[in-house]
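Every chain is named by a letter (A, B, C and D) in the order it is written, and numbering of its residues begins at 1.
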Amino acid sequence: MTQYFKDIEKIKFEGTDSDNPLAFHHYNAEEVILGKTMAEHLRFGACYWHNFCWDGADVFGQGTFNRPWLQAGDAMTRAKEKADVAFEFFSKLGVPYYSFHDIDVAPEGNSIKEYVNNFAEMTDVLEQKQEETGMKLLWGTANAFSNARYAAGASTNPNPEVFAYAATQVCNAMNATKRLGGSNYVLWGGREGYETLLNTDLRQEREQMGRFMQMVVEHKHKIGFKGTLLIEPKPQEPTKHQYDYDTATVYGFLKQFGLEDEIKVNIEVNHATLAGHSFQHEIATAISLGLFGSIDANRGDAQNGWDTDQFPIDVPELTMVMCDILKAGGFKTGGFLFDTKLRRQSSDPSDLFIGHIGGMDHLALALKKGAQMLEKNFLSEAVANRYKGWSGDLGKGITSGDFTLESLANHTVTNNLSPRHQSGKQELLENQVNRVLFG
Amino acid sequence: MTQYFKDIEKIKFEGTDSDNPLAFHHYNAEEVILGKTMAEHLRFGACYWHNFCWDGADVFGQGTFNRPWLQAGDAMTRAKEKADVAFEFFSKLGVPYYSFHDIDVAPEGNSIKEYVNNFAEMTDVLEQKQEETGMKLLWGTANAFSNARYAAGASTNPNPEVFAYAATQVCNAMNATKRLGGSNYVLWGGREGYETLLNTDLRQEREQMGRFMQMVVEHKHKIGFKGTLLIEPKPQEPTKHQYDYDTATVYGFLKQFGLEDEIKVNIEVNHATLAGHSFQHEIATAISLGLFGSIDANRGDAQNGWDTDQFPIDVPELTMVMCDILKAGGFKTGGFLFDTKLRRQSSDPSDLFIGHIGGMDHLALALKKGAQMLEKNFLSEAVANRYKGWSGDLGKGITSGDFTLESLANHTVTNNLSPRHQSGKQELLENQVNRVLFG
Amino acid sequence: MTQYFKDIEKIKFEGTDSDNPLAFHHYNAEEVILGKTMAEHLRFGACYWHNFCWDGADVFGQGTFNRPWLQAGDAMTRAKEKADVAFEFFSKLGVPYYSFHDIDVAPEGNSIKEYVNNFAEMTDVLEQKQEETGMKLLWGTANAFSNARYAAGASTNPNPEVFAYAATQVCNAMNATKRLGGSNYVLWGGREGYETLLNTDLRQEREQMGRFMQMVVEHKHKIGFKGTLLIEPKPQEPTKHQYDYDTATVYGFLKQFGLEDEIKVNIEVNHATLAGHSFQHEIATAISLGLFGSIDANRGDAQNGWDTDQFPIDVPELTMVMCDILKAGGFKTGGFLFDTKLRRQSSDPSDLFIGHIGGMDHLALALKKGAQMLEKNFLSEAVANRYKGWSGDLGKGITSGDFTLESLANHTVTNNLSPRHQSGKQELLENQVNRVLFG
Amino acid sequence: MTQYFKDIEKIKFEGTDSDNPLAFHHYNAEEVILGKTMAEHLRFGACYWHNFCWDGADVFGQGTFNRPWLQAGDAMTRAKEKADVAFEFFSKLGVPYYSFHDIDVAPEGNSIKEYVNNFAEMTDVLEQKQEETGMKLLWGTANAFSNARYAAGASTNPNPEVFAYAATQVCNAMNATKRLGGSNYVLWGGREGYETLLNTDLRQEREQMGRFMQMVVEHKHKIGFKGTLLIEPKPQEPTKHQYDYDTATVYGFLKQFGLEDEIKVNIEVNHATLAGHSFQHEIATAISLGLFGSIDANRGDAQNGWDTDQFPIDVPELTMVMCDILKAGGFKTGGFLFDTKLRRQSSDPSDLFIGHIGGMDHLALALKKGAQMLEKNFLSEAVANRYKGWSGDLGKGITSGDFTLESLANHTVTNNLSPRHQSGKQELLENQVNRVLFG
């Protein structure tokens, strides 16, 4: 046990009557909902990155957290201290999964060889930690955006040597993810975009990114990695424009390069809202396109135009998302990953636990409410009723290709069709949803 | 000649020394730039819709324009008066092209049969007007969003009879467009989207829209229409979310239904900015995806979150777009269409001319500046230089598929690659661009 | 009883077990919370405008509602039919209050004299309706933005005759409001702003608006109106920029013209969010500046940049607002007014009831939850504890003016002060709030 | 001369024919426009902060610039190296002014005493540098937002000791500014706002900030500082909401604390746009309220929701601003300060010069165009003509207070006033402006 979290016990479920801020009030891992345990449904993960690699600095100010393992010192020693504290945190929190970027867990070193060696050594450490704690890896990824060499992108860099460097990191991170039994491998193209069109060849960069993704898919099959490959859409930030703008954009990219059956999406709440969409929109779109993979559950602030990565608190929206996921059969290899940042002012060690407990409780609550919503079934009924015409002769005729534009026009004129608008009943459905949510 | 524009003469080019607000200062139709006349490059069109069917009303107030042809009266008589005034306007303005929605030119009537008859009669009128004036049709389209029956969409309506009604309008509008020698046929799905996910089946609606577009493509070939089919992306408004969100989204849709070689995009400046993109971004994206078709040159207001459809005045941005279009070989069947609205306060008959003259002059200026930009060639040189590594051995090896992820990683480690970031020179290029723009 | 709502009975409270969409599940008018009935706390009102003067048209389409009283016909006859249906609606819904614009209730006529006469006649009708039904007037107002004469503003119009016309409407509307026992008089400057700075004299327009408001205040005192004068802030739409941008902006305006003790604000949820603020921010700001008056409870859509005026459904946000209002002592003359629009697709007569029932239930729920939040008191305790230093010697010394900048600097250096940041506990408070909200 | 800029000569004016990217093409310091030199009109300044204290890091990545003076080493030695390179840059660039935060120029040290000593020593260095180079100080300021102690604000901190610490910094920075002959002293409240309303007492924090500003004003008079005090509005970032949201908000704050004649605003382009305003709006508002002070000329990106602080390139918008400033009599103590950041990819030493040269050239061009605009006078004429009614009997009667609301209503009815809307001529004015801009 480390010194840092010495005052914190393993977090327990205490139910809604408890006032203990360091206990779960809704998340009861073994509680069964619609035939599966909460743990199986939610597949919670916590991240290395924001929790253990960030000291609370922002663009306008220095760190506020004083994490001991981020102080100066021998890099590998610090990396091991970080692993100690991270796995202690994961375990005490009681999430079954974690996630990492390669350089979250291992020092980059001063050369690609040092990188490879450091990462290999730390992969051993992680493997041992997993064994000791029972933690599992939700996904691994490579950070190909923080180092100065990636300022103009990784796979979309104007310099092919940078592409090669990124390929090396991704190759190593995929291999490590496989070895650690990871369920997914994530690709977030933090600098795969442009700052200005003046110096950018869009078609060239797209081709580079397409080839990169094909190489990733080929490597997956070559090494026999059984997890899912995931692209994480984001519209902008740090770049002015990122190529993986949103789910619909990623879909077009995958179709162009023949990858739509190989790669799914990892949707982040905050990225959805930065793209001008609701969280539910991105989830529903991904499901309807067959691309739904996993979720980064960190939300934004409705009034701020940058990634705030806050813990999820909007139970109504989470509930609707949970409904959609349950209807779609739940997560396959994905899960709810907290790629969340504490607010920079939340500088107590316990705040790390409190933030995650809240996120887990709110999602557990959303699961319970979402299951109730499905059981009541009024939404599915309303939708089925609204579209019932498409099960009739005319509807089936159209969708089965019986009509040309002209024959359908003739049908319309001959029968003097004069369809009238029917109420969409939006307010009714909103009220019914709130009655499930709030009783 | 109508009474309405009786005080306005045909607009002439008078050059930059003239102070006449009812003359062109830059648009000189026959002036040759890079081997083509301005008229050939710009292919200007004015629209029926906002100019002749809108009376200046907005959501908070009644009309301000007092257009005589929009007063109460016999619908077909008014439609013919409208055609008189519209073609007088188009001719005096000196745009070679115009555009219309079916119900801009002909009354909807009280049944689909009346619609068909009215529209047929008005198509005769338009044909005669074209002959008399030499005007050509840039594109036709059907309005399948204003009538109450389309409140829940046209092709994506829950009621297949509404789909059929829309199909009838589109069939008739395509036929009319062909007969009138139209260069393009446009599909803007004003209500093809959703108001709330609660009552919406995204997958069902996408299938409906896909089938609709296939029927449109089939009909085009059946009737031998030689123009281009165009989808006009817009992210929202009037719907909460529109399926043709932006160019990248339309690309994915076209790929799904195998239509990417059949349909291109009609990009509207204001729709680009509502989607969170710059105008140039949408144009550059469309060109890079092979989807570039035509342009609605109406801009938005940078501080307002709805369609304002103003005349284009941002010469710097227009110039960059013109550069991209010139580099891509110019318009094929498309053009610059002013789907513009006067400001509601601009209630003088002459304001209609002044707005369009400004738009045409600003685009003519952008053409001249864009041509200078190309001749100076510094942007192409900067881009070529920036990506030159991709013509080298490593770059070619990657793009040609010589490397797997693993062999590339091995190459990187073996050669101890350590690429360094090179300056992107954004400020330099911005300064150089402004020197072309402003001398 | 009118034909239109003949199938709808008076709405009753049936509690949370009822599945009746035309009943209240939380709003129990006589239920006592913190010493007052729900009806006294919430002071609900419904509006004439969107409910009875709007037919479902938007900028892209015609009306969808088919309201009989909006069909062509004799204007005064229709106005009386509208009053019949409006008061039947208000009464069956069970809101104690209503609101109107002058020209919502009476036809404008073709001259100012006709306006005065029509409005006087309809004021008699309203008075009689109030007597018959027991309805009370929450606020009256004048519409000085819809008529074409107001295209360039009312009090800020470049033409002083337009100022005079607006003054006449406001004078008549204030008098009518007084006669009808109105609790407040509202001023929303729908066109008091600018479309372009090019033709606008900001200082002149501000002076005009300042003089107008002074005249309004003087008239209030002259006629002995005991209600509150309210300015309704909005940042833009229909104008590019509206002068009453938000509460903080209105405060500066009131201070300039010495009106800060005479006029308060009527905050609309949707206007808050269009201004880049949260609803709670605007309420908390108004309370902290002593300007809190009344609320228009219509919300916007988080992804759309225009006024959607939807019914409130966000119980968490409403609860926080309710907390702030309860802490501030509740409404004085204000209330929750539904200046809400049905979604254009919600075309059933019952949708009008369903929308309002939802809004009322959600606010009643927020009242119950807000009262619980106050009783638990953890937020007040957290705030008191966080600022406790300001009750100490140093804090009191600073606020009481004991220190100059220099003496405070000397104190700091002499005592070698080295304050450390304390956790703001945001996640903890968010979790605690959600536990009150969701149990 | 330092090693860093050894390859760069003093920047000269070479005119529009030169292709030298390291020369001015429009900014000719001694050229006279409307009776003053360009240098006198524009009063250019460059900043210490982004140029010399920032290494190119952003939230997602490490520094890219490799500035030697930012490497590890003895803090005071590095501070002096930084001063060497900064003053070499300022001098070679040819801006007459510079600006600094206290801790840009001097190390914070480990205690308030070290801070005071370090800053005093570096003030001596700056004084000597000013003498050697002829550079002048446009404004000084204190950074009370970067240190972890300011995480919850400076003057608005819940802890009065933090207020005291900030007061000490501001006291020292004001004294240094006076000694160095600074023209202005700036207050930017980077953390004076809130992250969540849950833990915030808005009224208390406003009172604290009010008292702080009063202390600052009193200190100014006590030490006889003749420059101007400036508040720099910003709506958010790093905080969720900043109290100095925009100019109109600052005006209300100043009025509340009786400071409207003592403090003016320093408007930053990027802060204007983040607040939902155009740059020109903020300038015009400040002028109309008598608050115009100085300008930070760094712009944002129209598609990105955070501070990008780019060099100004939008000549049309800059020209309109310059018109307004010229009409208002020009800067008094303010100037155009480049508080600009290079794009993170712009890593060449010369990029620092190129960015500033562009900004200076674009503003010089805007000055020339703005002067032409004034000489042509069409905007002033259009405005004067539009409001001419306010010089007539009715207009004067209203503004002079001759009318009550009632007497004006009577006047309107008696005279049967029926004013009609006149065209606002927006498109005409936009075209005329572009003809000045582009010939």
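Here are a few things to note about the model shown:
Keep in mind that, in the parts below, contacts are C-beta pairs under 8 Å (C-beta built on N, C-alpha and C of every residue); 3 or more make two chains touch, one makes a residue touch a chain.
Nothing here was measured: the structure is a model prediction, and the numbers come from that model.
Any chain that touches chain C and also touches chain D is listed here: A, B. Among the pairs A-C and B-C, the greater number of C-beta contacts is found at A-C. Inter-chain centre distance (chain B to chain C, centres taken as mean C-alpha positions): 40 Å.
Within chain B, contacts with two or more other chains are made by residues 64, 148, 150-152, 195-196, 241, 276-278, 281, 303, 343, 345, 347, 421-422, 424-426, 430. Taken together, the chain A residues at the contact with chain D in this complex read 56, 58-64, 145-148, 150-152, 190-191, 195-196, 236-238, 240-241, 274, 301, 303-307, 343-345, 347. By the touch rule above, chain C contacts chain D in their complex via residues 111-113, 116, 148-152, 158-165, 167-168, 170-172, 174, 195-204, 206-208, 211, 215-216, 218-219, 222, 235, 241, 245, 248-249, 251-253, 255-256, 275-278, 280-281, 284-285, 287-289, 320, 379, 382-383, 386-387, 389-390, 392, 394-395, 398-399, 401, 403-406, 408-409, 411-413, 416-422, 424-426, 429-430, 433.
On the chain C side of its complex with chain A, the touching residues are 16, 21, 25, 64, 273, 276-278, 281, 302-303, 311, 313-316, 342-343, 345-348, 351, 354-355, 357-358, 361-362, 365, 421-428, 430-432, 434-435, 437-439.
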